[in-house]
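Once you scroll down, you'll see the structures, which are given as structure tokens.
Each of the two complexes below includes chain A, the first together with chain B, the second together with chain C.
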Partner chain A sequence: MLKRTLEDKFVDTFNYIFLTLILIVTVYPFWYVLILSFNEGKDAALGGIFLIPRKFTFENYKVFFTEPKWVGGLKNTVLRTVIGTALSTGFTAMVAYGLSHRYIMFRKTYFNLLIFSMYFGGGLIPFYVLLRGLGLLNSFWVYVIPNMFKPFMALVMISFIREIPYSLEESARIDGANDFTIFARIIVPVSKPILATMALFGSVAHWNDWYSSVYFVTRKNLKVLAFFMREVINQSLTSDPTQEQLVATYQGVYDNIAVTTRSMQMATIFIAVAPILLVYPFLQKYFIKGMTLGAVKE
Partner chain B sequence: MKKLVVFLLVCCMTMAVFAGCSAKPGDQPSDNPSETQGTESPQGTEGTPEAAEAPTPTPEWSKEPITFSIFIDHPWYLMDSFGGRPVDDLIIEKTGVTLDVTRSADDGQLPVLIASGDLHELVYTANKFESMAHAELCYSYDELIEKYCPEFPVTQLEKDINKSPDGKFYAIRNGYTPPEWKEKYSYALKSKVRSLIMRKDIMEELGNPPLNDLEDLYNILVMVRDRYPDMVPLLLDRYNLFVFFGVRFGVNSGYYCNAYLDENNTLISEFYHPGYKKTYAYLNRLVREKLVPKEALITSNEQFHQLVMNGRAFAFIRNTETYPQTKLTFEELNPGKSLMLVTDLLSENPVWVWDQAGYSGMFVTKECKDPARAIQFLYWFRTEEGRIATDWGIEGVHWEYGEDGLPRRTIEASEKMQTINQFFKETGIEQWNFFSIDVMRDAVNVSRDDPDVVEYLTRYDRIVKDIPTLFFTRPDSGTDERAVFQELNQLAGKYESKMINSASDEEFEKNFNDMLAEAEKIGLKKILEFQNERWKQINGTN
Partner chain C sequence: MSGTTGLQADKAAAVRKKHNFFVRLRKEKYLQIMALAGVAYILVFNYAPMFGLIIGFKNYQIHMGIKGMFTSQWVGLKHFREFFTYYDIGLVLRNTFMLSALKMIFSFPVPILFAIMICEVSSLKFRKLVQTASYLPHFIGWVTVSGIITAFFSGIDGVFNNLLLNLKLIDSPLDILTNPNKFYALAVLSDIWKSFGWWSIIFIAAITGVDPTQYESAIIDGAGRIQRIWYITLPGIKGAIAVVLIMAMGHLLGGGLSGSNFEQSMLLGNNLNYDRSMILQKYALQSGLEEMRYSYATAIGLMESTLSVILVYTTNRLAKKLSGSGLF
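Right after this comes the complex of A and B.
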């Protein structure tokens, strides 16, 4: 066993202190949001709450779960995350498998189009017009279909698939498997790390997206949680300083009730962040492995 | 082959760059406002409240149920639905119209709808007023009134204020108070003015020192700083600091046009007003003496409220209309402590030029399936019945006549107004007042129960100079002059921080002179020439 020198101990101590500080700095904002969400809103407006709630209450969460728009937003968010992630991961994986074959016709053209689309886009208005033409505006599928293909993830997966020994595919073909069977039975099981990475990225993007709700959906029953959270922020912001005086009236901080706009915001933030926080530790190993698997070539 | 692919890629890239650009013809308004060409109001004497109040729609007009889609271009607006509230239901009963409301969630939403041609039937906007006022997008009110609603009450002044470069008007801005209305509701108090609020209990502990001018204020703040080191003597934020003190130093420039009229009726930039420099010199003195936090310009609303509510702020400046709720909440959270409103204007020659000609306008777009019904629907909001319902609510329920014969909130409504946004959300009051007149709204909302509020607002009312036409000396949006105008506004913001936080008189002078030099370099003189030219053009119709 190697003897630890004074230098080793010093470096270790420094590392532990430094990482602890980083931990406090990164974790404390979440903790702050959590304690404010469990504190009475009016009392929280006084400030001075740092470690634990001063006036503990479930009122903020009660208001959240009893107000139809929040529950509806949560439902839409969960649905789009589950369906959107499954479809985008599956679809992107299939395209990546197809493009990973060296003998495919117009392969270079496909690649060029793929890379081009990563850097250039038509902009918001042409996209809006396109969605309108496809009949996707004001439909749940506007959250899912435009996001079904991820060019960057496809490129990463193409590199990953190329690392899989061709002999696996060859032997499957000899046994009579077609492309789809090879994809489903051989490629997918072997590609779990990269698929988990794609699923994680996809689900986070779906969960946090408010943009589609703002520009492409006007029906209130289709709005997502992130949209309503943004609305809460908008209710206290304005781009025109002369409107500030109107906003101050509506802000709700002076409201003589226990739940304020701010306390509701805290509860909503925590509800929005909690699922990702809970899921991520289980997918972390795939995430780290998946990000490097497609990159390293021997 | 490779060259062909590269060539195709270059073409695609070029097309992609231009893909999002599509200017519609007639997008840019002309720089020269055209001559006024309005029609006379058909009823009453021009410009009187009677001319603006017409009887309820005649029975010939349809009251068949119809739904109009409306886009409200205010992310902060309380309402995102219509119906199920007393005022909403009254509107449906009187007009037959239901509104399918879409409230914007982003300032960029309306431009997308405009560019994609996907507008709602009605659009209510302030920021995009000039963008919407085009014949390609909307019906002009001139056209709609002439064809479908000759009874629609509109004064020549309203037409002048709201007309576009093509001479027509496409909407009437909300919130403007014509002079004749001010007379009719002379008892109403302008609520949206800044006031100085102080801790009454601490003033009593200090022995109620005199507070007659800004020097007295300075002395009191010094006493607070020395005796109560944990307190913030004066809490300010960036929206209130110049507006409050500029009035006291006599800066008589318009809020929107950033210029004041001299004795020759010529517009001069507010930068050159002696009071402008004095205002910032005073603020700099307050910051240097640690009477105002250095972070005044970046204090968020939340921090502001926390410092007020936890009793750490001795004095602060806020809108007067929030004072009653603030006082109530503060005293509930801090038993034994109290707030007071300073009724003295603290100046011998205060002045406030109000150059606002309204803010939001209701547009009837070319997507409207029944423009005749739309203008007849909007007509109701211009009647006395419509104005009272949308601003005051239901008589006997939300408002009543007091013993003095003046309208006031009922006791029940006053209590509910302590949670003011809840009150508006539940009743629909002040949410559908598309042609609201500020003074009429203020007539019931400002409580005459608090003598300090009444005294202060009455005094303030005497110093206000209404010059709404100054608003139109601003360059039109999308023009080069407007870009320079915006740059000058941003310059003022940039140097505001430097001037207020100057470490010495010399540094303050340097920063102030640097600001003037940079303003002139950007084009201040050119903008003033433009504004004076505009002022001459519209002056004859003032």
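Right after this comes the complex of A and C.
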């Protein structure tokens, strides 16, 4: 039985205090966003709100769901996340299955092409020229197609597939199944952890991407939520906004309510964060495994 | 075998090889389709743009389309010279380098320290709680984080200033978002906040892989807690530290472990803190997509990519020499 020395007590206390501080610093910003989103904007501008809302209201969220740009942005974000992730996970997995076989012809060439592409690229401008040439600019598909294949994820999946006992594949082949059938009926069900990781990473990337909306799309009805969030940030950063500007009643269309740009921003941020917040704790063991597989070589 | 000349044997072998080639191809046709789908994809989306880098050596205009890559006029190193004579090149490069260096020094150790602290906690519940919370900032994207940052540190209604004013620690609000001298600190600290939990995953996994009997014998030999951490835990995870270090060096131009320089510069940079927030990648993007100087921006991008590859390759070689293993 280990004796707890004085040093032990010291270290443990320090540890607990420090980690609790880290916990607070990590979590409090989200709590703050939450309470501010449920607080009247005008009241919040007076300051002094730290732990709980002072004047509770659903107004900020009501405005969000009735304002076309916010709802439209959310819709585009959801659409691209669902479609984009489904396509990228499926496509990357399928390619990984093809590449995972150690005996296929040209595999050395394929792998060299793959790995080199992970470290060198043409950069933004040639990519932009390509998108333009392919007609992807200003179309919904510019969000989906350039993100369909993830070389790093493919490599992770290849390692994973190689761990699957060949007997599974073998018995299916003997029964006459072709490679596509084997992929769909055997590999996919067994690879659920990796697929879950790929889907998680893919959705997070789609959900948070603001960049494509700024530079690859000009039609307002194609912009995603992240784009409008950035707009708000820019507004408040180009010059130090005055008190009046911050407290300004939202667009004047809605009178008699206390919504401000800031309180709207809080509601938007929380809506952007909520889905991730609800999902990621449950997928922890998957992405932890994926992360360690990808980085630590056995 | 008598009666068969060397030449005939070679010919026969060649015919057999050709026959084998097509037999194999037919046998693995579906696998080839699957693999080629991916290869075709990267040929289009990765290698075609690589070819498009020649734009950097030409006078390219966007209205020329893809054809223009071939038909526009060669100007050799004109755009590269232009970049090196840009009046603000010193500022841009300094900011890019400083942000990367500062993140390397300050952001890099934090996940390691955090991992060690987490593993020293005995309460499983507390461990899980703090760990789970630590991953959250990684998942929420820089736009959201920037939104939170502007709300927190705003000079008008930011809760941070609010709190400090209430506690009488300051008399007037801090201009964290608009003062260039505060940008580096803002960038590094927010990068730490966003990435420490995520990157600690690797180190936590490495720490749990350290042989527990080493600790037991150390205790018997009279080693204290700190000594055990210093002499067993740290050396035990040096492989993981090396791997992450290589990855970080490869991303050096991008800044920090997750390449945050660009997004921070784009989202938190503004006219007021320009002197510290303008970095190479942002300058290239603005020159290209906003000022329409496509060839110029491509030239800058080419230099960047080349530098990046050299960095990755060099650090990998170095790591192999020092510790016997690298990323590839």
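Just so it is clear, the second predicted complex is superposed on the first by the 248 of 298 C-alpha atoms of A that agree within 3 Å, B and C clash if a C-alpha of one lies under 4 Å from a C-alpha of the other, contacts with A are read in each partner's own complex, and residues count from 1 in each chain.
We adopt the following convention: a contact is a pair of C-beta atoms (placed from the backbone, for glycine too) under 8 Å apart; a residue touches a chain by one contact, two chains touch by 3 or more.
Since this is a predicted model, take the numbers as computed values, not measurements.
S.K.: Would you sort A:V232 into first (chain B), second (chain C), both or neither based on which partner it touches?
M.R.: second
S.K.: Taking the superposition on A as described, I'd like to know which of chain B and chain C A:L114 touches: first, second, both or neither.
M.R.: Second partner only.
S.K.: Per the contact definition in the header, classify A:A45: touching chain B only (first), chain C only (second), both, or neither.
M.R.: In the superposition, A:A45 contacts both chain B and chain C.
S.K.: According to the stated criteria, A:P29 is in contact with first (chain B), second (chain C), both, or neither; which is it?
M.R.: In the superposition, A:P29 touches chain C alone.
S.K.: Of the two partners chain B and chain C, which one touches more residues belonging to chain A?
M.R.: C
S.K.: Mind working out whether A:I269 is in touch with chain B, chain C, both or neither, as first, second, both or neither?
M.R.: In the superposition, A:I269 contacts chain C only.
S.K.: Touching A:M94 in the superposition: chain B (first), chain C (second), both, neither?
M.R.: Touch status of A:M94: second partner only.
S.K.: Would you sort A:I104 into first (chain B), second (chain C), both or neither based on which partner it touches?
M.R.: second
S.K.: State whether A:S167 touches chain B only (first), chain C only (second), both chains, or neither.
M.R.: After superposition on chain A, A:S167 lies in contact with neither partner.
S.K.: Return first, second, both or neither, reflecting whether A:G123 touches chain B, chain C, both chains, or no partner chain.
M.R.: Both partners, chain B and chain C.
S.K.: Under the contact definition given at the top, report the residues of chain A touching chain B in one complex and chain C in the other.
M.R.: 45, 47-48, 120-126, 128-129, 132, 210, 215, 230, 234, 236-243, 246, 262
S.K.: Quick one: in the complex, what on chain B touches chain A?
M.R.: Residues of chain B touching chain A: 5, 9, 12-13, 16, 19-20, 22, 74-76, 78, 80-81, 102, 105-109, 112, 115-116, 118, 126-127, 192, 239, 255, 301-302, 305-307, 309-310, 318-319, 321-322, 325-326, 328-329, 332-333, 356, 359, 418-422, 424.
S.K.: Please output the residues of chain A touching chain C within their complex, sorted ascending.
M.R.: Per the stated touch rule, the residues are 2, 5, 7-8, 11-12, 15-16, 18-19, 22-23, 25-27, 29-30, 32-33, 36, 44-45, 47-50, 91-92, 94-99, 101, 103-105, 107, 110, 113-115, 117, 119-130, 132-133, 146, 148-149, 151, 154, 178-180, 183, 204, 207-210, 215, 226, 229-230, 232-234, 236-243, 246, 262, 265-266, 268-269, 272-273, 276-277, 280-281, 284, 288, 291-292, 295-297.
S.K.: What part of chain A is in contact with chain B in the complex they form?
M.R.: 42, 45-48, 108-109, 112, 116, 120-126, 128-129, 132, 210, 213-215, 218, 220, 227, 230-231, 234-257, 262
S.K.: List the residues on chain C that touch chain A in their complex, please.
M.R.: For this pair, the touching residues of chain C are 21, 24-25, 28, 30-39, 41-53, 55, 62, 65-66, 69, 114, 117-118, 120-122, 126, 129-130, 132-137, 139-144, 146-148, 150-152, 154-157, 159, 162-163, 166, 175, 177-178, 193, 197-198, 201-202, 205-206, 219, 224-226, 239-240, 243-244, 247, 250, 267-268, 270-272, 284-285, 288-289, 294, 297-298, 301-302, 304-305, 308-309, 312, 325, 328.
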